[in-house]
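Got a structure for you, written out below as structure tokens; questions coming shortly.
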């Protein structure tokens, strides 16, 4: 089958690889119809994967089940499914409730980063623990909506839930890529009265404004401007979706008394410095998160189905899987305002 | 000053009464600009008040502070304020956090029903415990929005919060008068993926549909239809805003496993029969509520200000205070589709 | 193998029956070492089972796994296990998190009541959905402690959690059989400052007092006495563990403003009458519950292991499985103060 | 009257000062019977107060109301009261519910540190916002129990509540001074199944063990030992009550997946370094807290009254106010195992 394969920094190619198998009696094989390129895939593209050349890439995909192991209970061939970006033992109690991040085995694994699981930017992928790692795509949901449920929307949502938003809260979202855009909509579903959306890029600010946020262009005076916009108080919840030192600092600077700062960007620095007087003097909470996708599905699937969330709106670019090399190149260059790339098999 | 005075069943008149005083050193006098007629005022109109002829009516009002007692801290003359429909000791800890329903003195009192507090369908009213019973109307909020914050919106909201709605929930609202309409919007702010809105009256169904609900016309097959619309499961949260035996029964009938039934209508019967097999076999929760208005303000004021809630949309009829007799008559007859009447002083 | 078999009202006998099988590829066979007789078994003993003569009885048991189906992941032969009193599809998402009461299939089933699943008052039992229906007995936990985790302690705990107890709450428990005794201890673990324990039987009052409750002998003046003991306020949380009309009424009568009434007794009447003025005027909550045992294990197993809960203290009587007929007779007669009977295979 | 006055580092003396007044119409004067010396008072003793010589010290005190302003509603002369260690505007909504840390005025102030409010290591003190800053000492509570409710117990409790402890949690408490001791008991009231208590000092370890904790002597291998004691998982909740860099690091090191680290010690460093891979990879939460004492009283007063909490057990040393100079000296030297000093006026 065809799949994207990592060869060297800035060299990912579409080529023939062996067909997958269901991995175990509780696994499945899914024929992929749509896969996504995630911002985190660019780290691999830049050469920061977990393995040398030769592994297949990608962890966002939807498709159709074509084979199931004998112990799979919830799926059968022909089912239309979304695949979580990561899998774990699928057997322990935390996994059973979707919290693969708390897996007793400690072995949650992401597809397509050079560790155990082959990637899903491919014509098919083997899926371990299928009853846990897959969800059925319900009637009325498009493939692109489902694709956004495999990583980006859950990550934005999880970050928003971990920001302790309550009805009436004022929220800031720092960084308006796909995850930040989803965090904006998630904050509104969680009852925020105001969402201040912070970024440098006008198109991203406009996209956030279109779903109800107040856009705030980032410059040296942003923190002061957010204070002014909030009557001097700062925000109740601050969500960071970039990971840069300066954006993490900004997310902290705009947080008010009793606020929660929720970081879903992957921090670029191994140690994040927290100003203790600010955090303690204001009784704040700091969270960093890696989203266990399957834990969010029972909440997010109905919200997407009834169009309270519109995750597909971030998709800017649709290409064929065979154009994968070009797709990575254009996404890395942010060419033509690309925000999210979908590859069709 | 002018005020509406109860004389006899179906006989409420606008006439001259004595001016109010601040009642105590922690009280205030508010000059009323807008008052509302609540569905519960119709019980008084029909002769079911707590006193004989001669008391002034009304418990929904906004206006301007014209006098404050020496111990009032948060308000001064000239402040534009909304007045909670009820007041309590304003001193104990539950009152301090707005939960006047839990007042240690046990003496929460509604304005204008013939008990201690004169009504606010008047040119002015005396307000006890002003720091607790009033809230400032912020810039950008209209008087009519504020008026809806003195009883109807808080009641619908409180009922929705007591229905244990979580993001993604499917919710039913039985009865689409002003309180039910507010419950519909509240359920959406609380994250409902679907709100099924049940009533007999097409205009009310249409009003609920306009803010995002799925209208369901009530007939003998309604419970079955709701089951069908929910894949056989019933709803996660069922809010009743009428109080009739049949609507309470309907609210229970549409509730699914693990659901909460939240009744904010005032039950017409002194004893409500609960089918124990259904409630226990499905691990359900039943709540009945009388809303402590002031406990909801810190949440609802920002949500109204940013137009996540549109309480003013239920207002159908605007009349002068001096037309009060006519206003009661028309509201009681539901003449011309009147849903909510506002009186201007 | 030997098992207790229902023949007729007041006629349950130990006799030879066929050995069980694992039921399905996700099932197991457990050799029983200890089984319990539950208060609800007495309904069957009195002739109110779901089937005619010939079914095996019992739904509380612990033992050792002797056979597992090919799809069982978490257990193997030789594992020491407790068996939940009920099982469901074990596959859907609610089941995965232990909430078999919310099973999508709607088919949770109790062992040994004459429906699909044979009883566990036997030398062995077939267990469906073993990964879901079983839990490993950890080192340091006795068989009798584990036995109490198959029904009675989870039921008391679940009722307490559904009573909305918060640290500092004053709690009443009405009815001090095994479930009520466990509710008393559960309320303390949940942070209650006071637990008023209500019953008619001195030995049961003494047992509750021994773990920290304030005993209140039930008579005509009990509700008034509880009001007096609580400064006129009533309790914050009221747990009912009997199901009789009068005890349900008492649980409601002692509840204060904002209280929750949590009923875990099986109501004797098909319709429970709720005084609407009391429930609504005090913003109360009413819950009835049937406990999904497996949802409580991750919380209760550590609390029993560290002796914050002492469920084994309710066991008064230990007999052989072959003495089952006598055991039922003595338990039904409450002979010699029997509170809980354990049968050893 | 007599009061302790700061003169210079290591020079606090008992001498005559002017009598206090109620400060405002909502203030009161309290005649002090017992005051405490807090660990944070030692910073002042060492010369790190907010003012030069001449201010009175102390922020922990109980006594009797001797004068109230005209706007005080809840207290009168003769009332036996505890005084929160800090006061704020006492008027805004956050203050009304006890959250003076979120005071809209932003001006919460601690007694006796050299800022606005004179200290309470004195024969009397002026108390602003008396209805908010005071609580009545109920019958059955000793003065020493009440004294511990003015700062130390609330701080330990608040830290425990901000550690997200749920029933069954495994908790670590790092640092077993008075606040840490209270955190140990608080964790148990919140339902912890295990509390690992970490300190260097044998007497403190023994004190924690006496109320149910598992003592862990701190050395280079502590983090590894805690991992071993928890099956490799680390703890669910980690409470730090010292503020040193190494103890904060230890609190982080023992935290497991999904854990919360709650720091109530005042950090010695202005910037605390957080290892981002650990915090994000394990979906952890970090909180730092300064306790708003009055927010905890409605919960803690009943728990102390019913002896579920024993805050008085940390008191090791009782002296006269006139021995204040000696008291500070002995406490600073930790002479004779002093853990907590109470001064009697």
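Labels A, B, C and D are assigned to the chains in the order they are written; within every chain, residues are numbered from 1.
In this text, contacts are C-beta pairs under 8 Å (C-beta built on N, C-alpha and C of every residue); 3 or more make two chains touch, one makes a residue touch a chain.
Quick caveat, the model's predicted, so the values are computed rather than measured.
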item	value
Co-neighbours of subunit B and subunit A - touch as defined	C, D
Selected interface, A-D versus C-D, where C-beta contact pairs are more numerous	A-D
Centre-to-centre distance between subunit D and subunit A (centres being mean Cα positions), rounded to whole Å	42
Cα-centroid distance, subunit A relative to subunit C, in whole angstrom	43
In subunit A, residues with contacts to at least two other chains	298
Complex interface listing, subunit A residues touching subunit B	166-168, 170, 188-191, 193-194, 298-303, 305-306, 308
Subunit D-touching residues of subunit A, taken from the complex the two chains share	99, 101-102, 106, 162, 257-258, 263, 266-267, 269-277, 279-290, 292
Subunit D to subunit B touching residues, read off their complex	25-26, 70-71, 73-74, 91-93, 96-97, 131, 298
